[in-house]
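Could you have a look at this structure, given as structure tokens, before my questions?
Naming follows writing order (A, B, C and D), and every chain is counted from residue 1.
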Amino acid sequence: MDLSVNIAGLRLKNPVIAASGTFGFGREYSEYFDLNKLGGISVKGLTLEPRKGNPPPRIAETPAGILNSVGLQNPGVHAFIEHEIPFIRKYDTAIIANVAANSVEEYCTMVEILSDADIDAIELNVSCPNVKQGCLLFGSTAQGILQVTSAVRKVCKKPLIVKLTPNVTDITEMAKAAEDAGADCVSLINTLLGMAIDIDSKKPVLANITGGLSGPAVKPVAVRMVYQVANSVKIPVIGMGGICNADDAIEFLLAGAQAIMVGTAGFVNPNVWVEVKEGIELYMENHGFRSVQEINEALIV
Amino acid sequence: MDLSVNIAGLRLKNPVIAASGTFGFGREYSEYFDLNKLGGISVKGLTLEPRKGNPPPRIAETPAGILNSVGLQNPGVHAFIEHEIPFIRKYDTAIIANVAANSVEEYCTMVEILSDADIDAIELNVSCPNVKQGCLLFGSTAQGILQVTSAVRKVCKKPLIVKLTPNVTDITEMAKAAEDAGADCVSLINTLLGMAIDIDSKKPVLANITGGLSGPAVKPVAVRMVYQVANSVKIPVIGMGGICNADDAIEFLLAGAQAIMVGTAGFVNPNVWVEVKEGIELYMENHGFRSVQEINEALIV
Amino acid sequence: MSNHLKIVETKMLAEKIFLVRLKSETIAKSAVPGQFINIKCCDGLDAFLRRPISILRTDPYEGTFDFVFMVKGKGTDILSRLKCDDFIDCMGPLGKGFTLPVKGEKVWVVGGGIGIFPLFFLLERSTDVQKTSFLGFRAKDSIVLQNEFERVSDKVIITTDDGSYGIHGLVTKPFLERLEREKPDKVYTCGPMPMIKSIAEICIERGIFCEVSMEQRMGCGIGACLVCACKVKHGDDFEYEHVCKDGPVFPAERLIF
Amino acid sequence: MSNHLKIVETKMLAEKIFLVRLKSETIAKSAVPGQFINIKCCDGLDAFLRRPISILRTDPYEGTFDFVFMVKGKGTDILSRLKCDDFIDCMGPLGKGFTLPVKGEKVWVVGGGIGIFPLFFLLERSTDVQKTSFLGFRAKDSIVLQNEFERVSDKVIITTDDGSYGIHGLVTKPFLERLEREKPDKVYTCGPMPMIKSIAEICIERGIFCEVSMEQRMGCGIGACLVCACKVKHGDDFEYEHVCKDGPVFPAERLIF
């Protein structure tokens, strides 16, 4: 039985990756479990310059989910390279740099810088719903994705993942645009735009008014989008959205995702990544799957 | 304290409406509570000819929600007029005819027929995710909504509500298109397209593969969309999506919805519509609101 | 109606199979064999929808009724942890029951797994008839209510998939064998799809009255949401009726499997 | 670490206010005043995120620790139904605690509502210092732990919003009055935003050492998700630090309210 997956040049020892923005740069969770057990870590979304992020409250609990509006607080790409890569590199796990920017030029500058850094792949975040300009704008149209991805492709020396937003009419168009522009892989879904109101104070719970929905609530939407995308592009798909246990992860693998990311569930269960990995192993054993790819091909429709 | 609302010519004694497709034609729930307590009933989606609907299973449970793929099973508009209207009319509650069709002509034909029937408003369903053609196609683009709504407007003699799908990049564009085309009101959200997979049988749970997500899980997305739409059109908004109790309903009223619909929650609690109505009353009392409109204006952002 | 009913007894009958007795004058008095209740297994979101479960028997004098369930997923797992004096939120009795046999008839019931429970209620309510039960189980340790079925039947024939008890194989086997020798007036069946399908087909072929209790995933449980579709004949065509309201019991000859 | 800890005692202290004692050698030994635990109030989805609650005191000999909480919403409501011998899934101890006072110092703590609990732990661990507690409550019937505070303080001054006990009005009033007469070495505060803000401002103005324990909605509770932002000074600019990891205790002069 082989848990490893090969995603367009990126070899992961297993298909379980920590989702961007939920795992910092790995330091905190390294006190809870052995990061060597992870297929990879998609680090907190990086920008060229350090970013302060949005005012609090930045989180609201909703039925079976959460809204967040962190707004890409991060120390900037240079501090990441200097201070964070060396820490993560101590572990045998893939480093995926999640990149957000306001313009095509900025995306390219960042990808150029990161192409020379000691990382394993780049995840273009064209789908953050919590910053005022850029980012999500690119991700909301096929044209925008094509534009950013094509430009970045030219300067990118690492496997290039494009992370898609679910807040679109047709996710397959977005995936195809990424593929056409030369992406090696697409990852999805980022958060669904949502809002919660405190009826006592009569104010939105989030200072930013709206935020991104994640957690179990979004799983059916995510599984559907992964299924649609896996059936419309040839490049590999990384699936995520609401995975809380191995059963959830296997739904995504059956839907066609070659690897999966887990985020929000870790807030509740810091051991979730390990449990998902071990649960996938057990499922493969029980169902006679020898590779993750065999699961990808097993859906009966 | 006045619970009544006036939505573009449609007067509701209170803002609580049963959502289309979850309440049949009222007969079943009439054995559970007094339908006179409802502001209105949006009946099961009607088509010109009777429709069989999709094969079962048509429902899947997901975290804090359900997927359905009924596929507009209904007896057709004529049977509705003949057999169902007389039953509902025995109650003092507004009858909203929910209309789905495959072509602009068919929408118009149906609306013409219904304009002469004893109903109070027409809700154009341009957003059903569970039928292969038509319907959702119209609702997914501003152009489609404009086209159907303009045509229907010409023949419609009742207050005209356009029901919007959340499966779009920008819901405000859709609402504006409906407004521009002469809709009296928009209602939202219909279901989010989703999918669930049974990992033991390795098959989609729904025979139709995908289905529409409703229930508490979708509430944050629905509240956000209602908020956005209420801030971008002048016509009134009917809000729905995941309402399970009065607190949920009040979130929608604060977000700007003049009335609300409740669907899925009724499967679990057949008394939910009455509880929501009574809870809104209590909230108004406690917070000194004299009308629903005052709640609509109370959000502090 | 939806009501919070008090548990007056719970009992584990086999691994993962539990009997629950609830207090309810109304259901005890009004329920008929084949009907079901729709249960909210917990407050809150963990098992969001209600779960349909057949009524096993009623005790109109005590004002109680029983149901038996197998732990399958989240909802039934939560149910299995409830104890005496806890309350369960139930809607019911729901659905259309079996056509009861008339005096002197020869009645056969054919049940598999959790499908045997509504049949028990039918047998208990069928008096002055000759009753044979064909019951299929996975294995010896999953056999439940054998004594009870023996009490309400003239003969009970048990099969197990693995041969660990009774006849080895599917319940259709002894059913067919016996059909060679005698012909029942009414056959009632409930259980796994392949089983009910072949029983129904056999009966239709031989012109034997047969009613089938169907299962389908449900939403409202009362006929309003139309999700629990069941394909039935409609002239030369078909249509979808609904298990919760038009069923769960359907005449075999109406069903399209 | 995340652990399922056994409840060894629960007690209702006032309406909607409960004390829980949990068994945990690790937390009992390692926790310092100002730290908190992050609690999963139930399995499943009903209160999805963990809830942060301050540690009230530890008993290293018994290997137990206490927390007190007020029922506010879903999560704390579920917590309030738990009983002795039930288990609670806790992460902790988390966060940075207070700077303990040194021998001979004059210590004032100013707490409001649920903000008094971490201050109790601080007082209990502060020995050989002179301690005054200013505690603000809503009304007489919401006063909790008065005896305990009296035991660990030299003086306890209580205010109630409605005047039903102690001094009528906000806790800042007696605090200010006493400041006219004497100057503490260290002030610690926790409670509603307007209260901690004015205490912090008063202390900064007069150059008094002051630490504030902050509240913010949390996700991970350990510094990974960055949601629990707290605005602090950063040269001429500001930045967002994080209550769960950089706090919950912050020096008053760093905070931007």
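Throughout what follows, a residue touches a chain if its C-beta (ideal position, glycine included) is under 8 Å from a C-beta of that chain, and two chains touch if they have at least 3 such contacts.
Note that this is a predicted model, so its numbers are computed, not measured.
Peer 1: Using the contact definition given at the top, which chains are in touch with both chain A and chain D?
Peer 2: Chains that touch both chain A and chain D, as defined above, do not exist here.
Peer 1: Which contact partners do chain A and chain C have in common?
Peer 2: B, D
Peer 1: Measure off the straight-line distance from the CA centroid of chain B to the CA centroid of chain D, and report it in whole Å.
Peer 2: About 46 Å separates the centre of chain B from that of chain D.
Peer 1: Cα centroid separation between chain A and chain B, in whole Å?
Peer 2: The answer is 33 Å.
Peer 1: With centres defined as the mean C-alpha position, give me the chain B-chain C separation in Å.
Peer 2: Result: the chain centres lie 36 Å from each other.
Peer 1: State, to the nearest whole Å, the distance from the C-alpha centre of chain C to the C-alpha centre of chain D.
Peer 2: The answer is 56 Å.
Peer 1: Return the residues of chain C touching two or more other chains; collapse runs of consecutive numbers into ranges.
Peer 2: 45
Peer 1: Where does chain A touch two or more other chains at once, residue-wise?
Peer 2: Residues 60, 63-65, 215-216 of chain A touch two or more partner chains.
Peer 1: What's the contact topology between the chains, one of line, ring, star, complete, other?
Peer 2: ring
Peer 1: Chain pairs that touch, all of them, please.
Peer 2: The list of touching pairs comes to A-B, A-D, B-C, C-D.
Peer 1: Contact residues on chain B for chain A in the complex?
Peer 2: 60, 62-65, 67, 140-141, 167-170, 192-197, 199, 201-204, 209-210, 213, 215-221, 223-224, 227, 242, 247, 250-251, 254-255, 283, 298-301
Peer 1: What residues on chain C touch chain D, complex-wise?
Peer 2: 43-46
Peer 1: If you look only at chain C, which of its residues touch chain B in the complex?
Peer 2: For chain C paired with chain B, touching residues are 1-2, 40, 45, 47-50, 91, 216-231, 238-240, 245.
Peer 1: State the interface residues of chain A toward chain D in the complex, per the touch definition above.
Peer 2: So the residues of chain A touching chain D come out as 21-24, 27-29, 31-32, 44, 52-61, 63-66, 68, 70, 73, 205, 215-216, 264, 266-271.
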